[in-house]
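This is the structure I want to talk about, given as structure tokens.
Here the chain labels run A, B and C in written order, and each chain numbers its own residues starting at 1.
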């Protein structure tokens, strides 16, 4: 599938989602469908889907201990081991995973290879790492902030996050205050999208499955920002709806605004799409055998549950074939 | 066809074609692929679809139901390897791996970007094993497994050296080596190997080594080393084959018996073992530490290496030392214990000279020669005269497998710094865990694919050139037999005047033997510093 | 090796996080939506009970107006706001808004607490003292 087709197909898929919600609520007044039924269904698909993924991967054994070692291994006592990048204990592997999951350590290594004449050079390339961190952490903070709509009373932690997120007290087109994560998320997603479009090799490897989630998350971010800064919606009504959903007594309050339904429909799509897409790397990263295992297979035996006996060429067969040669060469044999 | 001149080859176009990769059929280019396996090689080890075939032919003589066999095999492996299933599912195509592969850097073929190499198979996985792929086809990044797609898989599975450099940079640790290993397994279900791998595997099965050296040939070879060493040092070095009751079994890559560069490394071991009076034996039955079975299938790898422990048991040795080899150590370090353990018939390795316990090898009882030697040097158990290596300005090429599949980085450096006075590191992005492949690993060190090898070795050669120009480096040390066999050709092409040497060649030069005569030449018969003919 | 127990712990952690709001609110009835009170004496006195702008607008845009008022009054020195219906109002939080809505606790705070909004009006302004409040 060509680059243009992949890109536009993904774009239009998201555009169609927006229109579906717009007409569904504005024209067909299917508020209950978009406000209650679809969110419930999406959440159920998300939970079941992710657990299914978990179990699908978990049902497959890890036959071999194959960590990618990224530093000096445990060896002679005076040789300094790199305990994080080449762990020899479960604790070490745990620390390695913490660095991997929270700080994207492997991505931090990224370099950019350049060929100038016949000379190769490796420049530091941290933008992807920065954008990835900005994107994922913004997303996390935004999720935490949204808890204010789902729980009552709102805990101190959520309020604090909210306060810190609007720390700079910048007004964007009037109140309320601008969230740092709003800007960071949109900027990071835009960067991640642009690099796929601009860098030729990335454009070559990108699939609709890469563009679609980016467009989807971008439009979720944009609708969210629109609701906050431009076309305000009835937040109290939204919380009423959210609390109803959480308490399994859903009802649709009046006058929430269609923008909210579009936002909610896009989020529902993201949730439902999640378990069937590359986004499952959220779970998968924890299970990666090249990262989460200690590099100690010579010291501690790793057991493969499907290890089976194989056909071998025995010494006896070998000696039978070459006995005379061996004797002539003065090499000891079992049978003279 | 000869490979173009370096100036030409280093002009690389990284721009991908206009058409998308699925719509760009692979062109199987001569000089980039190895000859297909011979019928005999597969027959020897009982592999399926043994027949005469040629890569250049349209018809690869596949069984009628090849597609079914491939897909069934894929399904089975997805259920047996969490790694494989995971790596099929979670790639986000961030592209961090793209410019980390030596074949992509040196060739610019987009399908050599690790991400795309894996996508070649992922697209098939999606088409047959995921709902979205079945429903949406190309939109979901899925495609049919066709004859041409199979050929493409073959072509690119044998353009990956399983060096794992990409896996280092992957945020999820996706390891292309793992994917390549399993694609090659699948191809072997259809009798699609390369002779450069299948031949050595068949040899190793029957004769105990890849080279097909028979017992008496091995004896003659080592005898000749013995004679050479006596000429050079004046000391007659003992050795033995298949000796029962020895304390230690020594296993090394058989290339060291065959390849001139490897020969010298082996002579280094011989001098060392003699000097410390190590009770060690060689074995003709296990005259191979390397394992080209590992480049074929995990089962074949296990079939070949089972000999190591069988022989250790038969000879009643206490433990095992392994020589300088790359992939052999990936297999020994990460697979052996799982395949053959618990290894309770051997003893936990303790150096008889220093008393050091090799804690890191206490379960599978195999110690790397560099660990062993580094320990000897640390305890001052051998006398060294590094000035004998003063003609060499040395840099070290870290072997991929040892660096990223084991993590032995300091030991060879410790040794080199003790036996040489002039040691210089290549740039940090090209050594240690970041090391670049020689371009010929995983059984691709044939001669018919020379362009591929020179392209794949470009990043390594480039880094060597850097230290050659900056510090006058003239010696590329390494601890891998494929490196020794492959790097010299690479140096001759990209970095003339740089000579490839095993680390234990340098040890052998510097080692001062009890009762040796005044040496005038190094182990290659070249004059030592200050002993040149006037 | 399957690492079964680690997987189970992983699934439990995932479920815990994903359903956190449900667990948090479990057993509690959905809180009634807030009903801000407009029964202050000042409002009761009004013949036509109307705010500066229509209620529907005030409900979702009041924060914009307050912020504009602040900027106009503090930074531009304007003190008169002309509403859409032409009526004029003094730009003053304390003397215009809070004159009618003197019941901060039962008016402002109702919704703000419900939606966890913390306006920073009271960073500068002194919070009005209400009856029964110390």
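Just so we're on the same page, contacts are C-beta pairs under 8 Å (C-beta built on N, C-alpha and C of every residue); 3 or more make two chains touch, one makes a residue touch a chain.
Keep in mind that what you see is a predicted model, and the values were worked out from it rather than measured.
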Dominant chain pairing [most C-beta pairs in contact]: A-B
By mean Cα position, the chain sitting nearest the middle: A
Separation of the C-alpha centres, chain A versus chain B, in whole Å, is 34
Can you compute the centre-to-centre distance for chain B and chain C, using the mean CA position of each chain? Integer Å is fine. 68
Measuring centre to centre with CA averages, how many angstrom lie between chain A and chain C? 36
Please set out, as single numbers or ranges, the residues of chain A touching at least two other chains. 58-59, 61-63, 302-304
Residues within chain B bordering two or more other chains: none
Taking the complex as given, what residues does chain C use to touch chain A? 1-4, 7, 10-11, 14-15, 18-22, 24-25, 28-31, 33-34, 56, 59-61, 63-64, 66-68, 111, 113-118, 120
Residue set of chain A touching chain C in the complex reads 46-47, 50-51, 54-55, 58-59, 61-63, 147-154, 158-159, 162-163, 169, 171, 174-176, 232-237, 239-240, 243-244, 246-247, 249, 253, 255, 283, 286, 302-305
How about chain A: which of its residues touch chain B in the complex? 1-3, 6, 9, 53, 56-66, 68-76, 78-80, 82, 85-86, 88, 100, 104, 106-107, 109-113, 115, 117-120, 122, 128, 132, 195, 199-210, 276, 278, 280-281, 284-285, 287-291, 295-304, 306-307, 310-315, 318-319, 321-322, 325-326, 328-333
Quick check: in the complex, which residue numbers of chain B touch chain A? 6-7, 10, 12, 14-16, 19-23, 46, 78-86, 89-96, 98-100, 105, 110, 113, 115-116, 119, 130-132, 138-141, 164, 167-175, 178, 205-208, 214-216, 218-220, 241-244, 284-285, 298-299, 302-303, 306-307, 310-311, 314, 332-339, 341-342, 356, 358-364, 366, 371, 374-375, 378, 403-411, 414, 427, 429-430, 432-434, 458-459, 462-463
